[in-house]
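In what comes next, subunit A is part of two complexes: it sits with subunit B in the first one and with subunit C in the second one.
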Partner chain A sequence: MLAKRFNPGSVYREPELKGYRLLPMRFTRLDSSRYVVSTIVGEYRVVTRDVIESLVTHRLAPGSDAYDDFKSGHFIRDADSNIAPELLALKYRTKLSRVSQFTGLHMFVVTLRCDHTCQYCQVSRQTKDRVAFDMSDAVARHAVDLVFESPSRALKIEFQGGEPLLNFERIKSIVELAEARNRQEKRDLQFVIASNLSLLSDEILEFCELHNIYFSTSLDGPASLHNRNRPRPGRNSYELTVTGIEKIRCHLGVDRVSALMTTTEASLPHVRQIIDEYVGQGFRSIFLRPLSPYGFAARSGHFARYDSERWLEFFKEGLEYILDINRKGYALAETYSAIVLRKMLTPQNPGYVDLQSPAGMGISGVVYNYDGDVYASDEARMLAEMGDKTFRLGNVLQDDYRAIFLSDALLDPLEASVAESVPICADCAFVPYCGADPVYHHATQGDAVGRRLTSGFCHRNIGIFRHLITLMEDSPKDREVLLRWGFGSHRRA
Partner chain B sequence: MLKLNVPGNSAIRPLTIDRDAILLVTENIEFPIALRKKSALLVRANESFISGGFAMVLVRDGVDHARLPNQNVLGLSADLNYLAEGDVVRVSKNSRLKTLYRRGARGVSLLVTERCNSFCVMCSQPPRDVADDYLIDEYLEAIPMFDRSTVEVIITGGEPTLLGDRLFSLLKALKSFLPETAVHVLSNGRTASDIELARKFAAVCHPDLMVGVPLYSDIAALHDFVVQADGAYDETLRGILNLKRLGVRVEIRVVIHRQTYKRLPELARFIARNLQFADHVALMGLELMGFARSNIDELWIDPVEYQTQLKEATHNLVDARIHTSIYNHQLCILDSDIRRYAVKSISDWKNEYMPECAGCSMTHECGGFFSSAHIKRSAHISPIVE
Partner chain C sequence: MTDINFSLVIDSRIFSLEVIQKAAYRCSDIAVFDFAILDSHSIKVTATPKSSITIELTELKAHFNNELLEQNLRHLIAEETKTERDLILAYAFSNTKLLG
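So, the complex of A and B:
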């Protein structure tokens, strides 16, 4: 007993006896016995069906652990406290704060020319004709002006191709122009070159060191797979890329180069070898990416050859192997899982373009093509290369910022595809982790909103969400690792 | 434990002060004459010469009385053996001496009021509804005498914000006279649920100020029970949000006892989700003083019994990249995974080690005990031998 002048705990529980109200939530079956319930800001609980029934029929017992857990997570509120709406609003604003920042990533296609002939590539051109597929000085200048019209405090300019190093002079002029402009703008300005590194020279490295430029490269797996996916004269793409990675690490620093892999049908049986390649090269993360349904990939029938089910098998096998590598003492994160887990565990939004609602097109990133055409995303540009210019927002030589970013080509699909209002998504417990991908659904289903039941995007993502939540629930060892990925934490194991 | 407020001194020569005097302590007999009116000379044993002009002369046992001036000489109780150069004291006509500032202290605490709007079941400084406005006046007078190299000043109570504008004049004085000193205000945050009060914290524009706000549970009813005030949970959370909204740094302080340990991991998760912007979270062991002692049966739990919860909570916070510390726990009872978050947090005047510590190789890194641990402490204290 507490001393006489103190009230017992039950006194403070009295307001709870008046009943509770439900806050916005969604629930979806996880497996044969369990459900996932999530709030509008993505906080979730995994519970059995009878708990869900008690919850929604107002039969949870006040003071029980389940009651406290749902109340703490802002699934319910009662007369004892009215702070929940304020905290939910704060978390919701945090999640959506990227929308007010608007476009941070600006992709410049400085040339379509390339020294590789990758089968899955959507856009590259084999040509000696420099002028036809290189970005002109006038296009570059107008595009840089548009970059600085974005309200975003952080601006990232990414050079793409083709192989952008084939037009390094244009990269130099854009970097110098943007830096000169930024001396007054004082934004947080960053540069990235997406390159296969085959043309990396000392001169280029020196320039990149001086201007603090990052590299993003392609590494599809071990030499045999990489060279098969990425043919070039001499069949030495792998050797050139790996040498380039090493050079950048030595001259610019270990964090200045990252690598992306593209999954092809040939990759499917080799997920472990692909992961081993990344570990062997000293990378601390790997992004198990699906093949995109655009460009040559779709035209050559590659996309049809394996469906999202087969890809999920590939992903799960890879993830298990990566988790095992972590357990054995090497910290290696799977990037897509890390992005999803961040959304599950925190109110933050990592800003990955495919998992945004409103969609990331135009907001998360925008593409300035070599000819001045502006596209809502990389995928929108690839679609255009296939002849479908639905998501062309304008041209830097003819249109101003307002005309481009308030174009119907951008605003209509953005408005139509907000996931929280799309049939099926609106009731899905996973929607806080997911996003709208109007370009994908337009490309595969002919409609920016699309039908979820036959959507590869939906099937693949829900498969990943279920898998990650199941691991978090059922495997304490994996949970430790997944928590670290989600929070980007550096806690020692 | 050091005694800070000591009545048992003797007036060796009559005290002619007409009001309480706040004085800077010096052992320097050649102290500039211009400063002596506001200073007390602390006479070293065997001092051969005593210069005049000091407002007060403080002597310990063993000093020859023959050479002492004929007024304002105070014989110090043995409790005040710690007094030293640079300290600031208040001397009253009735020979009572209160130490306001110790230059050598690890952290300087200023208790600014005993009044409080909460009534926490484990309060180590039980609130009293007394007119104690004079406390702030003393500190306002004493602060200019504090050493400018003081690392940190802790403003404590009671609930300091009940002083209203007087608290903010104190904070302004600290900023003006001790511009390099960190200031830590221990407030329950309830009054900051009024944005105007929160604005006053921001308006001080102190370069290194943090408000330490207690949050005892993720569940309103449990927090309100601990602080014995209905609605306190909402007020405290609103206070934290208001302060952070205005750019005032906030620390969240959690005291662990039998009533709060069970949901510690959930509280940590709640903080990570809702208050990830907190500048620091302190997970604190119980100090067995005041109400904690009256309610010991309902509050005491051997810290060894809650290591599972403490470890999970710590990891939940650290994973969310929140700066987290464990206060008031001895290294030997902490799970080895979380020892690295333990901080020496106990104010030095009430910080001790126990007989069980003999032979321990980690004492220099261990925060040790509150003096009150003489009453009760973990049954699992044992020397760490390497």
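So, the complex of A and C:
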């Protein structure tokens, strides 16, 4: 009876006997004995080179576990699985959907003035000259017009500085202008103030509550490290920041303030204390960021003081500590790992500017400087402060949307640096998780495409990808936590 | 006298010039490469370690040979999947305004 109702399993294996075709894939060494092989959309397997050779030379045995695994992951297709290219295309399109959305993040530098003298800061000015370094009403109005020229459904306006709260009147006028405009546009409009919180007042909090404004602040670690990195009169930056975080949480809500840390040479021996500080302040995520090579940071020698290898040690030690904290019951995500894991494990693209190909500059975010100059990214404006205006796209008072976003300063480096066509990247199994960073490579190698064998960006990112995949493969207890980050379930907890 | 470089004569029916050049590029942070076409099937590759790099010639040779094998596998994948790659990209960008 059973035999009549069901075909024997071998019937379903018959198409496999006709052989298989390869689908696009790349492979890269993981360690001394293993390789990562990934599809065009980033699904990966960890195998030995013998297996890759068998796969590529069509010696995989039909019916074997390896055959079924590669078939289900769209590394191969046979007469039974001709839908694979269409499914891959659907995932590929999902990954690239942010490109067609175009610019969602619009950064407004409302002033360069600042009350801090951070050693790594590229742009701030110690001055009371409001005319010279504050954004004018005319610049703000033209910039808001450009924001709404973007086709993106979701628009985020982020206020930066200097210390943007030093020009809070301009923030108010831009928020009110954008909201008035949005009553017709009906976009998903969000505001963020990136501030050290030293000037936070009740008046500011009331306005932010009324207009649903978020805060992003800097917290470099415990008081001694934070105050060393971020000097200000009174040497009390840490105390003011922590007090500000508390005020925002009480007044606006716990989720309305996030914090970023910047790594300096002084931070390197203290990753555990930095993480403890974030846990102590009740944060559920920490972003272990590398020091950027731009502006004053490069000029003052801080970038050269430690290389990407040393930073990777810092990162790995920190990640191990964070995973341990998670195992003990406190949910804390490392933001960069979560972004990478989401790219590895899902068809989604988290939209992080530095890990985009085509590059995120201009496409994901754009900067309107206090003087009306438009830059392709925050790093591009930092470079401009060093006198290199390669990535200046135009000026809001003189150029329209088309002139700015179709400028050679944007399109040439975007086109040249698409990672999938860059030597070495084109063959790299990690390219679906990585990105192009033309501004970084221009700043460090004098060429927007850059040379990957000596690129700090490449070395650092490949080190992170290898480390995360190794943990996923070799450490079941870590894999459990990393899967939560990748699928975003830590945010819903 | 110690050799300062090594030379290999490679049969281009086994490894194409493109594969050889890609393998050399992958090693270009540690060595300088020269190429010469000897006849229709023979390509001579000479590798000289960079002065700033300390590496035994045997180690460099093993490294380069390993790269040749890997680049050859990549070449086989690229050749066989060209149609699929074009097909996937065409599907991916259909129904968008990006294809005219």
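One rule holds for everything that comes next: the second predicted complex is superposed on the first by the 485 of 493 C-alpha atoms of A that agree within 3 Å, B and C clash if a C-alpha of one lies under 4 Å from a C-alpha of the other, contacts with A are read in each partner's own complex, and residues count from 1 in each chain.
Simple rule for what comes next: a residue touches a chain if its C-beta (ideal position, glycine included) is under 8 Å from a C-beta of that chain, and two chains touch if they have at least 3 such contacts.
The structure presented is a predicted model; accordingly, all values stated were derived computationally and were not measured.
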{"item": "Which of subunit B and subunit C A:D69 touches, first, second, both or neither", "value": "first"}
{"item": "First, second, both or neither for A:S81, with subunit B first and subunit C second", "value": "first"}
{"item": "Contacts of A:H441 with subunit B and subunit C, given as first, second, both or neither", "value": "neither"}
{"item": "Contacts of A:Y12 with subunit B and subunit C, given as first, second, both or neither", "value": "first"}
{"item": "Which superposed partner A:H116 touches (first subunit B, second subunit C, both, neither)", "value": "neither"}
{"item": "Partner chain in contact with A:K247 - subunit B first, subunit C second, else both or neither", "value": "neither"}
{"item": "Which partner, subunit B or subunit C, touches more subunit A residues", "value": "B"}
{"item": "Touched partner set for A:T346, first subunit B, second subunit C, both or neither", "value": "first"}
{"item": "Partner chain(s) touched by A:R45 [first = subunit B, second = subunit C, both, neither]", "value": "neither"}
{"item": "Subunit A residues contacted in one complex by subunit B, in the other by subunit C", "value": "86, 90"}
{"item": "Complex interface listing, subunit A residues touching subunit C", "value": "21-27, 40, 52-53, 56-57, 85-86, 88-90, 92-93, 96, 100, 423-424, 427, 453-454"}
{"item": "Subunit A-touching residues of subunit B, taken from the complex the two chains share", "value": "119, 121, 218-222, 224-225, 228, 230, 233-234, 237-238, 241, 259, 263, 266, 269-270, 272-274, 276, 291, 294-295, 297-298, 315, 318-321"}
{"item": "Residue numbers on subunit C that touch subunit A, as the complex places them", "value": "22, 25-26, 28-29, 70-71, 73-74, 76-77, 80-81, 84-85, 87-93, 96-98"}
{"item": "Complex contacts: residues of subunit A adjacent to subunit B", "value": "1-3, 5-9, 11-13, 15-16, 43, 63, 68-69, 71-73, 80-83, 86-87, 90-91, 345-347, 483-484, 487-489, 491"}
